[in-house]
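Lettered A, B, C, D and E in written order, each chain numbered from 1.
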Amino acid sequence: MTPVMGQYIRPEAVAWAAFILVVGLTFAGALIAVLPRNIIYNVFGLATCILGVAGLFIFLGSEFLAMMEILIYIGAISIAIVFAIMLSQPMHVRIPPAWRPKLYLSFAVSAVVFVSFSVIVLRTPWAVALERSQDWTVKRLGELFLTRYELLFELISLALLVAIIGAIITAAALGGGRKPEGEP
Amino acid sequence: MTPVAPNGGELSLALLAMGLPLLSFFLVFFVTRPRVTLSCAVSLVCSGLPLLAAIWLLAGHWRMEAPILWELTWMRGGGVAVTFGFLLDPLSLLMLCIVTGVSFLVQVYSLGYMAGDPGKAKYYAFLSLFAWSMISLVLASGLMQLYIFWELVGLSSYLLIGFWHHKFSASQAGKKAFVMTRLGDLGFFLGIIVLLLNLGDLSILGLNQQAATRLTPGLLTASALLIFCGVVGKSAQFPLLTWLPDAMEGPTPVSALLHSATMVAAGVYLVSRLFPFFQGSPQALGWVLVIGTVTMLLSSTMAMVASDIKQVWAYSTVSQLGFMFMGLGAGGYFAGVYHLTTHAAFKALLFLCSGVFIHHYATNDFFVMARSGARSLKVPMLSLTVAGAALSGVWPLAGFFSKETVLSALAELPNPAWLWLGLLGAGLTAYYTFRLLFVMWRPRRTQPPAGHAEHGEGGHHGAAVYWVMAAPLLVLAVLTALLGAAGPALESFLAWGRPLPPGAHHGWLVAASVVVVAAGAGLAWLEFGRAGAAQQGFLSRIPGLWNLFANRWYLDWLYRWLLDHVVYGLFSRLFTLNDRRVVDGGIDGFCRATLGAGWLLSLLQSGLLQYNLFTMVLVMALVGLYFLLV
Amino acid sequence: MNSLHTYLFIALVLFCIGLFGLLKRRSLIGMLISVELMLNAVGLNFMAFNRFLAPDPAVGQVAVLFIMGIAAAEAAIALSLILALFRKIRSINVEQARQLKG
Amino acid sequence: MNPGFPYLSAILLAPALGLLVILLLPHDNRRAVRWVSLISAGVCLILSIYIYAAYDRAAAGLQFVERASWVPSLGIFYYLAVDGINLPMVLLTSIVFFTGVWTMWDLQHRVKEFFALMLLMVVGVYGVFLSLDLFFLFVWYDVSLFPMYPLIAIWGSTRKEYGALKLTLYLLAGSALVLPGILYVYFQSGLFTFDLVQIAQAGLPVEAQYLGFFLFLFGFGVLAGLWPFHTWSPVGHVAAPTAVSMIHAGVLMKLGAYGVLRVGMFLCPQGLADWSPLFALLATVGIVYGAFVGLAQTDLKYVIGYSSVSHMGLVSLGLATMSVGGISGAVFQMFAHGVMTALFFSSVGHIYDRTHTKLIPDLGGMAKVMPRASFFFILAALAGIGVPCLASFWAELLVFIAGYQAYPLLGVCAVLGLVISALFMLRVVQKTFYGEKNERFAAAPDMTPAMALPRALLAGTILLFGLLPRLALDLIDTGVAPLVGMFK
Amino acid sequence: MAGDLMLFLPEAACLLMALTLFGLSLPKHQDQRRVHSWAMGLSLLMVAAGLAGLFQEGHLFFEAYRVDLFSQFFKLLLAVALLLVLGICRQLTGVEERYQPEFFLFLTTCTLGMMLMVSAVELMTLYVALELSSFSLYILVPLRSGDNIDVEAGVKYLFIGITASCLMLFGMSYIFGAVHSTYLARIADTLPLWIHQPGAVIGLLLTLSGFFFKLAAFPFHFWAPDVYQGAANQVTTYIATASKAAAVALLIRLTALSAGTSLYLLDVLMVLCVASMTLGNLAAMVQSDLKRMLAYSSVAHAGYALMGVLTMTRLGYSSAMFYTLAYMVMNFAAFMVVVKVASQGQDLKISDLAGLHRRAPLLALTLMLALFSLAGIPPTVGFTGKFLVFAAAMRDGHFWLVLVGMINATLSLYYYLMVIKAAYLTEPAEPQESLAITGPTRALNYALIAAMVALGLFPRQVLELTEKAVRNIF
């Protein structure tokens, strides 16, 4: 950013713009992920939303997390979803029109949740911790992984292992026993 | 009068009289039943010895000074004590003799009457049971003991009436007798409770001495009337009088013993027993008089149209009992008891005689009997005549004297109407008695054959049987003839040997009653006795009355209606419906509703995943909202 | 923008959008996508608290990281199950899968 | 306290041991199963008679005490003792149990299971009567109830599954009130003990007694056949097999009344005072109502079932009077009615086994066909209508006196019920045993002497206690008097 | 480290077992019998380890992991549950043969997850451990052979599970926001101050929802009927026993955080408790599939367990623990019979039990006792458990709750009786041959019968143990 521009565009404004952009990305992505009936749009929406969230993470002070977010969600989850979509070929399956009341019901429930939690958020006097450390480095994270969250670290690897074996078994084998007519 | 304790002899005699019949019952019923002869022997011995004991006691205490009392606690619970024991005083001794005497005679008689019956041993067991209950009733020292045996007597009556239970009418009659007397006993029982709760003392002596002073008049009257309810039931007084005629479905000796001489007289005995107590309440005595009068007249009219010999005597029993109550109600203690005594003799005799005929001719209809040649049975025929005359009050038989005492008691009353009604009753009695006698003596061949057999196996069993049955008749006939003379002696005995206050002697009363009896007998002669008489009563020309009398004033019909339409039709049916529909149905309905709710809830599990998710999230969100609102 | 409430509300909106999708979408994969949105919202929440309130900023990050990891594992299992279901009933429409009810 | 031989535990254990032995016996060995049951029943009977005789009436109070801590942290005790109230009940149980086992001697169908369940039920019954610890009392209470379901549903007759289900659910619904009641009392007493005697002595807060008694009254009342919660009883009786009916009507229904007495009235005397008008009213309605409904029944067992409702109403009325006489009468009535109704059902059971009908119109003239069975039935009927010198007369007498004293109007109605019950009992006797005999059953065999013996035992008990009521009442009074002292 | 190993003994044994099974699952063809024997042996070892570690106490992993009597009690319970379930897996007819080693593996990892869960005192650890056990179950459910419904059940289980865990995480984030820590010890210190703030209490409640899901309490019960029916019988057995135990443990731990100071939490728990009981019992009444019926009944039982938990007193917690033990025993007994009767691994209708008393008297007896126990009839353990739970509730003055509970117990009796009726009364349409019962099965039956009665009549020792355990957390 040049100093000239800095005269006209204050850093706060840029930050605001960036923030609004990020939030916009998040919400727009979320809506795209949820609303269209075409599943591929949804995946794109998810990816967009993830980008937004990653941006928000940056705003919240953790670039590392933003990176991991993009890595895991877009790099792993979204890809996996795309594969699943391709394998299950849902594109050519005709989706019957939605049952309207269900839509309203979903909306109502979400609205109720929104309202009640908004009030909760507003009514709670969130208190700031008395002493606050400002150590945002990744090193600190690494330390924690090897000390206080050591068990957690081991555990999640185990969970992932189980998930992978399980996914292999389920995806590779289940349902293989009985194929509908006409399938090779 | 303070009672004294019995000495050893008195104690053992009284206990012998009370205990032997029970022993006999158990022995016969549970042990010797298969062996008929042995059973009869046991039973006879066990009823003969109490008779001897009774006579011994009576003779030994002819001039007793104070009542003899012996008691032990039978049951005690929660402040209520029931005593078991005996109270020996003139009244109970006299009654004891009557009961044991008739009982023994009837047992002898039954040897013949029940010969060949397959249930003979059981029959004797029941007779023993009855004897035990009746003796214990008579000797009871307390009202509760009296009540207990009162009920047991009712039970024996039930068993004996329904003895030939394969006959529907017999079992029906037994049931009717039991339930109707039970209805009366309801009052009796409540009366006892009232006395117990207010007086705390149920001993007969205590009641007679203290009740009048310790109870308020209202309570006294109430309890007396309640007790009298029991009497009404047991002695078949109006309005509970219809069971007694039906009770004639039992074997004739049973009728003689229970339903004429002893058990039904227990009511009279009870009122006499508690006479000082009843005297405490003039209203109560007034009711006794009224009920007695109504009953006497009503049942006399019924007797006038009956053609079943036992029915006639049954109605007559009811009527005579009513007559006794009139005597008692009028304040004539001796009158009632004396009539009870004589009545026991001649009425038992009447039944036993009838039993011979029934046994012989296998019919209950005296028209048929007469036509079949009843006159040829000399002893029964003569006895029947003697007893019938005594019943009608023919001089010098016992009935005449006792009837006179009752009438003179009535004459003491300020209102002459009672006397007139008594005389009317006497006339009616004479009429129906002589009606029967004339028919029996002077049979007509024109009557249509009718009637039914009580004794299925009737027929001839030979001379031995005949004489076994005839012997008791003779004994009773003699008694009937002689008891009239024993009146004054009895009177002084019952009054504890004290000199009697000179009662007003109504000379004209004798004349009046003779005239009335003669009129009744004369009318009977005109219609039944004289040669060429149609043997049809004047009542048969008045169908309305005839039907009324023949149908027992429609009392039975009323009861039947009440039973069918109120007890069964209304209460029983309604309660049953309520039970099925409301009480039970309500529960079933509740259960069905629960199941329905389960079914509805299981619809929630529709298989659609997202509706489940809705519910989950919604509930949690509502829980959040709840927190915010509260 | 530098307030806790802003982020909390962003997270909440995201959560509700995800919830809406979860309840509405009939495609199981669509539902899974919605779930991912919800998990992101949770992550945002953690990070927001972490940023504005928590004594140690590392804790929130760790939590979010683990949530991501678990989300990935979950997605793997979910997708494989969805595929298995697809092979059985030839559909990934959740409303077609209703043999179990009552 | 008295360290001698643990008689009460022995009574409790004898059927439990029998049960174990039966479970280990092979299925086809019916003979051994029967003998084991009979022997354990006999042991119980002998022990019961012994403690009945050995109980020191002068000393009164709780005797043969066995007390040990079970779960100390909750204050649960293993606490067995007898006094004047439960001793007659124990004797009753033994008599009915013994005769019941004997009555079912000829059973051929799934013998092992039947006797096993019956023994289990009896263990429960003894447990309830002997335990003075609320926890155990409830445990045994339920133990005695649930075997009813299989017992009725497998070996029963008319609408057996319906009857069994209704009965079980109904009774356990009743116990759904009892358990909260027990816990309520436990915490309200502030003692944290389930020891019934201790709670009773300490006394509950008056305001707690109101709710407490309500719970016990209706919880146990269901089992006592308290109107209007009685319909399970006739339905269940009709469905149940003979011995089960005997134990059920003879003993189990007493559990309910016993519970009201022992738990409700001991712990909540003030509550009883509050509720007694309602209690007495329901009891009286039950008496009259049961008699009237019984009048309209055509099934022998229904008749007896409703007579039980009526008679148990008397028990309730006696309890509601809060007087020594009434409660003694009620306890004695429990005993007397138990024996009587057992005799009823065992006679009906015989008739049903031989004729395969218990419909009154189908029968008739049975007195000729089966004199023994008829005799026992008629004797029971006579006891049922309160004929003097049979056991229940005395009980009814006491109850009526006390009832009249406490509630004159209800007392009169109750006495009226007696006439109705006389009417319906005699009607049944007449229609079933008298009259023309039905030729279809003319050849039906009477009881063999061996099978008549258990019935004779019951009949003998009725007569014995009828002639000598003090055998029981003196004892009962010693138990009741202290209780009534608590009402003052 | 030796001391640490002692602390970690049950988990270490479990881990060892998981690794061994993983190794066994690698070869393409594996003798099922051999794998089963290994599994049995190792799980026996695990039970032994559980017993040995029962009275250990201490912290591991920088205070993130706490070993005390409370956790060890549940670990032992879990180990025993696993052993028992493995015990009825000898004939795994319900699972395709080639996946049987994996089947055992996932059972083990699930147990491991739950063991870690009961000891974890840090929210994230808790979450990941929960997911570990959940993942294993998500995979176990559709492992059934032959049927279509298994995958459907798996999918539903999964989606309800992840929804619940989303809610749970959302709640955790609020807790984190309120008390700034994920350590339960810290939370327990701070939370009572915060409990009247909506963020904290809703956070706590939402956190509980993950365990409501495990426990199948209302409103997170919807998976239960489907999964019980859809999963292989052995898996259902496992879900119905072990995972319930872990859920109760965590509910106790988490509600204890509020120190019983929140009336609101109490209200909510009460509502959920009543709703669970009533809904479960009512819906169970109309079921015809046995496992489905048992599923609804387990919803009801979740309500009873909640009743002990919601009092948030020592008595309540210890009674809830006892109830869990009781529930495990009796439910296992019931399912054991289901497994044995469904010898082909098929679903059982209630009517399929017809004539069971003839086909297998011992199984019928066990079933009857188990059902009576479930219905809360003394002298079985189910009664004692219920009694204790009710006592705890009554002590806190929840009279109506106890009354509702008892009425529900009566309702439940209805459907249990229907099953007993089928087993004991109904005769099968066509005669079926009797079931062969092997010696070990017979012994298992006797053991279960003895356990149900003995624990019912002699609860003293176990009760003292649970009371002691509760003192560790509260």
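Basically, a residue touches a chain if its C-beta (ideal position, glycine included) is under 8 Å from a C-beta of that chain, and two chains touch if they have at least 3 such contacts.
These numbers come from a predicted model, not from an experiment.
Visitor: Could you name all chains that are in contact with chain B and with chain C at the same time?
Guide: A, E
Visitor: Of the chain pairs A-C and B-E, which one is connected by the greater count of C-beta contacts?
Guide: Taking the two pairs in turn, the one with more contacts turns out to be A-C.
Visitor: Based on mean C-alpha positions, I'd like to know which chain lies farthest from chain B.
Guide: A
Visitor: Hey, which chain is the most central one here, using CA centres?
Guide: Going by the distance between chain centres and the overall C-alpha centre, it is D.
Visitor: List the centre-to-centre spacing of chain A and chain E in whole Å, with centres computed as mean CA coordinates.
Guide: So the centre of chain A lies 32 Å away from the centre of chain E.
Visitor: So how far apart, in whole Å, are chain A and chain B when each is placed at the average of its C-alpha atoms?
Guide: 102
Visitor: What's the distance between the Cα centroids of chain B and chain D, rounded to whole Å?
Guide: Distance between chain centres, rounded to whole Å: 37 Å.
Visitor: Taking the mean of the C-alpha atoms as each chain's centre, how many Å separate chain C from chain E?
Guide: Taking the mean C-alpha position of each chain, the two centres sit 27 Å apart.
Visitor: Please output the residue numbers of chain E that touch at least 2 other chains, ranges allowed.
Guide: 124, 128, 131, 135, 138-139, 142, 148, 151, 154-156, 159, 163, 174, 177, 180, 198, 202, 225-226, 286-287, 414
Visitor: If a residue has to touch 2 or more other chains to count, which residues of chain D qualify?
Guide: Correct list: 169.
Visitor: Chain A: which residues touch two or more other chains?
Guide: 102, 105-106, 109, 113, 117, 119-121, 123, 126-127, 129, 149, 152, 156, 159, 162-163, 166, 170, 174-175, 178 - these are the residues of chain A that touch more than one other chain.
Visitor: Please list each pair of chains that are touching.
Guide: Chains touch in the following pairs: A-B, A-C, A-E, B-C, B-D, B-E, C-E, D-E.
Visitor: State the interface residues of chain B toward chain A in the complex, per the touch definition above.
Guide: For chain B paired with chain A, touching residues are 610, 614, 617-618, 621-622, 624-625, 628.
Visitor: Flag every residue of chain E that touches chain D in the complex, lowest number first.
Guide: Contacts found on chain E: 357, 361, 368, 372, 377-379, 383, 387-388, 390-391, 394-395, 399, 402-403, 406-407, 409-410, 413-414, 417, 420-421, 424-425, 457, 459-460, 463-464, 467.
Visitor: If we count contacts the way the header does, which residues on chain B are in touch with chain E in the complex?
Guide: Going through chain B, the ones touching chain E are 591, 594-595, 597-599, 601-602, 604-605, 607, 609, 612-613, 615-620, 623-624, 626-628, 630.
Visitor: Any idea which chain E residues touch chain B in the complex?
Guide: Going by the criterion above, the answer is residues 155-156, 159-160, 163-164, 167, 198, 201-202, 205-206, 209, 218-220, 222-223, 225-226, 264, 267-268, 271, 279, 281-287, 411, 414.
Visitor: Which residues of chain A touch chain E in their complex?
Guide: Contact set of chain A toward chain E: 117, 119-121, 123-127, 129, 147-152, 155-156, 158-159, 162-163, 165-166, 169-170, 173-175, 177-178.
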